[in-house]
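Common to both upcoming complexes is subunit A, partnered first by subunit B, then by subunit C.
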Partner chain A sequence: MRSARDSKAKGRGIRQSMSDLHTWAGLLAGWILYAMFLTGTVSYFKDETSQWMRPEQAQQRDMPDAALVAQRVVETLGKIAAGSTQWSFALPDERTSVIDSFWRTPGASKGKRAFESARFDPVTGERTTARETLGGEFFYRFHFQFYYMPVLWGRWLAGLCAMFMLVAIVSGVITHKKIFVDFFTFRWGKGQRSWLDAHNALSVFGLPFHAMITYTGLVTLMAMYMPWGAQTAFRTPAERAAMTSQLSAFIQPRESSGQNAPLAPVDAMVREAQARWGRDKVGRVTITNPGDSTARVAVSRGEASRVSMSPQYMLFDGVTGKLIEVKDSVGGAAETRGVLYALHLGRFSDMQLRWLYFIVSLAGTAMVGTGLVMWTVKRRQKLADPARPYVGFWLVERLNIASIAGLSIAMTSFLWGNRLLPLGIAARDDAEVNVFFAMWGATLLYAFVRPARRAWIELLWLATAMLAFVPALNALTTNRPLWRSIAQGDWVFAGFDLMMWAFALLHAALAIRVTRHRPRTKPVGKRIAARAVMPEREKESA
Partner chain B sequence: MTHLLSIVFCLMAFACLAVSMDRHQMMLFGRALRAGQTRGFRIAGWCGLVLALRFIVDYQGWALGLVSYSGCTSVSAGIVFGGLIVYERLSARRSHQP
Partner chain C sequence: MSALVRHGPLVSRIVAAIFGGYALAALASVAALALPMSKPQAVLTGMLVSFVVYVCAVIWVFAVRSARRAWSGLAFIAVPLLMAAWTVWPGGHVS
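Presenting the complex of A and B:
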């Protein structure tokens, strides 16, 4: 009898403390997590975004032959990156129409960038003439290393927030004691209860994804967050190299001999790889010490249709063109990492699976968003005077506005900047990013000076208008308007434009809901009728 | 196509699972179903989920199949959830009219 009562009290205790943990872990990292989630979500269409942001690069109708493209790019690199100890470039696939390449800059002094990069046209092999932009790569990089700060700091911050997220997910599951009973439950118009139901639904339906994406997100950078195991186990350079070869197909340059020797034809090597993996399944070519007698060429397998990022590559002698080694598999631990890594990036996906990733990830974004808003909804009922909340409440509410409504505006501004900034200006790609952050900052200032409810409504409408206008802007500033894209079957451009309208509708719906919501007794804020929340329900919802 | 079919499988399965719950029985039929019926729907729902998994793994193999399956179940559960909300709102509106 007594022990039953004790265990009951104990059970309640742990649920309550988990609830507190969930609330505060979620809130403190929430604003950054929301931005990470949303930019990560759109990164599932990174290549499509990049295509849309480089309208000069013609639509790729047929996949070019990777072997020919590789040879063209190698010839160009021989001209512009001679003397470099390492070249690397990705081969085209169905979703990319430019060749991203980078090479080590010889004799770069400390503090200067050790790599230079360029984008090539697969047809000519020359530098692309498309406008200078980071494209979808900006959202992708921002997603895990932010901007305006050293990359390492950004990654540590992202890791810290991901750890908070993991804590929030586990504590959230423990707090939510009726996962199965309330599985499909949504109670309409019940204020905090409705918010909680929505938050639960978004969290529970996507729970496998949310847990996976958070955990695997940490795995992608685990060697940086926790290097000590590897440092202790692998002490000699040879051991380190052996470990690296389990993780990456990115071969490192060896000591060069100083004897010049021309590079063997790379197209023949790529053809061997095509024979092994399939015509369009070759991912990347990395060449070390090109032009030297110690040259090596690694041709690695693409990421499509295999749920693993573990390196698979064929290593060739760069002078004779002979196959030296085929790397087909890695050890169990490395393969586990490779699979988890691949699950996070989802690059193996076909279009349908990519959409599933996108939709569920968007639900994750909404989960973080509803969680943030719920913090204020729950506390607003207890405010003595809602017109004058305490500083913490005021701050959370304003940050919510800027991080949710403001981020939509900032991301859309980035697209506007891409279309409207003059083509000739220096560092145009940076200028686009500056537009993004300037607009984000402006929404934060706006949220600080306007009444909260008005700020929500106005910024959501602004986001709606800006999103809705993107296809028009595209029609006005490029020769690839929506009707032509549809007529020509260019579904990347058409799809992008149509998605802008879909997002505009979403923001309009949110704006209308906030506008319609009229608190009956208290005049200020997006307060939802709290009367309907019964006290005992309030307790269980904590 | 595989995805679409497995989403349809999952939709039916989650619909059955929703119908096997008291709260949704009250909303949909105005009364609780008999215990036997409830159990029937619950069994049908779980079998549907297993069948959908079987189907998608047959087509895509375990590696890709499990990833797809996770996406299909999440999206289908969301659609059933949304459908129940819409149904409830519509019937509430109907019952308010004279």
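Presenting the complex of A and C:
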């Protein structure tokens, strides 16, 4: 960047080049980035979303004892996953009331699924009877690997978009010379100028966060994006294993001996871990070669109690139950990576910090959204005939509508699907996802056929109505309506319902602003309509 | 044909930014192996740094006067990185 500044006086001006770079990098990746940002933002409440989407799973009033839960789950796995070489399950914490577990499919050959998964009830240790749903996990997975495409492709696409984002951030900062002064400047009601100010305010307000979240997003998958160093340095499986142990507590199965040996009590091992880290600070149990004389049990530390994702675990002999190794530190670079990773996920956050994450991340979403809309606002004034824009303008405008207003509708439809799809149908979890994409596709078609301004208004109102109706839908289809949740102090359910209304208000405000806005035929005169307060995707017009 | 002449430099810059930038970042991540630290830590350091290199490369490519300069700048940085990477390349060094 220093070298970039050196060439300042030359050519057509660095600021202009950077502005163009910012515009085009932002636009090309913008629609995907908006979706990544919004689904990523709601993922800060992934566990709460999952709870709401499994209403059959009772509210967890007290944290169950991790040691007892672990032992129950191990007994269940012994029945349903016998012969598997690897079991793994997360223990419940304050935010999750079900146990996600997966295991290597016994005798899985090529072409078969290598892992199976199930969710267990911590109280019984048996499979939960709650409805089949991906829950908040869907939004979380979607935000870095999308859907309907191979996971690897999705992750590469997400990485490419994240790189575009990082370039857009840096070039945006260079473009914006008075970044500090302009933060305190907001020119109301000046059309494009106000859009720019809103975009700037949202960007600058969250700049450290936006830069951090984009870079750390790349860090979470860096071994995939930049494998060359590892490929050059490591020649043997042992070297690769040494590297993996710097990154993950997920121990790999060794060659089994074939000699049967019963698994030692896992609750005793979890107790040792509790003594070390605290009663509710145990995160995950991974068992390799259970039932074999080479069994190993790794009990790892939870993610909530420290700002790092680097592995910390206690390794036990699965037959004698003796502690073999305590892994509590990794190298400097690995720890740096662990901290960056944790900063991205924010799982260490308490409630207040989690809300801050959510709000700043929402500002980031709005930054992308206002940027996308600004591209059209800026160019509309120069259109020869606003009723007949050139095809690029037309396409950007319609894609903006579908990716911004349409995504809200699609995400809300996912919740509707969760409440309305019959409980007994096969692959119900996939059906919910299909509802999401079907509705998203429908909004795109709608945006293509309606006049742009009408499409904005109508889709924003539809999103408002659908969001506002979610608590009613919940009250009608479950026995956990809002009033009961509040009376019982169930703030996950009550909070979720109330947030739906908050989002409905936001969308209504946007819809009203678009309705009130009168597009100017000439760039003169002041309109009150530009009095932007929030994300403001509104002032779109045909 | 005239479109190619007109857009050639821009296309060249885009290729330099996306692929040249990635190549430089990848090279930097390998060159990091020459750092005086254990192999896993050097590998991870290289990965962490590579994205910063990538971004700087892209900014450079679009900041300079011409596409030719953009490429030569990337090449200029690549030389010391290549030398560092050479020392750690399997079979690349004498020892």
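We adopt the following convention: the second predicted complex is superposed on the first by the 507 of 542 C-alpha atoms of A that agree within 3 Å, B and C clash if a C-alpha of one lies under 4 Å from a C-alpha of the other, contacts with A are read in each partner's own complex, and residues count from 1 in each chain.
Assume contacts are C-beta pairs under 8 Å (C-beta built on N, C-alpha and C of every residue); 3 or more make two chains touch, one makes a residue touch a chain.
Since this is a predicted model, take the numbers as computed values, not measurements.
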Subunit B and subunit C placed together on subunit A: clash or fit? fit
On the A-aligned overlay, A:Arg235 touches which partner chain: subunit B = first, subunit C = second, or both, or neither?
second
- Query: Where does A:Ala363 make contact in the superposed view: on subunit B (first), on subunit C (second), on both, or on neither?
  - Reply: first
| said: Going by the contact rule set out at the top, does A:Ala201 touch subunit B (first), subunit C (second), both, or neither? | reply: first
(message) For A:Leu353 in the superposed arrangement: first (subunit B), second (subunit C), both or neither?
(response) first
In this superposition, the partner of subunit A with more touched residues, subunit B or subunit C, is C
(Q) If we overlay the two complexes on their shared chain A, which of subunit B and subunit C does A:Ser305 touch? Say first, second, both or neither. (A) first
Message: Once chain A of both complexes is superposed, is A:Val123 in touch with subunit B (first), subunit C (second), both, or neither?
response: neither
Next on the checklist: Quick check on the superposed pair: does A:Ile512 touch subunit B, subunit C, both, or neither? Answer first, second, both or neither.
Outcome noted: neither
After superposition on A, vertex subunit A (C-alpha centre) with arms to subunit B and subunit C, in degrees to the nearest 10, comes to 90
Q.
Once chain A of both complexes is superposed, is A:Leu444 in touch with subunit B (first), subunit C (second), both, or neither?
A. neither
Shortest distance over all C-alpha pairs of subunit B and subunit C after overlay on A, integer Å, is 19
Going through subunit A, the residues touched by subunit B and also by subunit C turn out to be none
In their shared complex, subunit C is touched by residues of subunit A numbered 1, 3-4, 7, 10-11, 14, 17-18, 20-21, 163, 166-167, 170-171, 174, 215, 218-219, 222-223, 225-226, 228-230, 232-235, 239, 242-243, 246, 331-334, 336-337, 340
Interface with subunit B, subunit A side, in the complex: residues 181, 183-186, 188, 201, 205-206, 208-209, 212, 305-307, 339, 343, 346, 348-349, 352-353, 356-357, 359-360, 363
Subunit C residues touching subunit A in their complex are 25-26, 29-30, 32-33, 37-48, 50-51, 54-56, 58-60, 62-65, 73, 85, 88-90
In the complex, the residues of subunit B that touch subunit A are 2-4, 14, 17-18, 21, 23-24, 63-64, 67-68, 70-75, 77-78, 80-81, 84-85, 88-89, 92
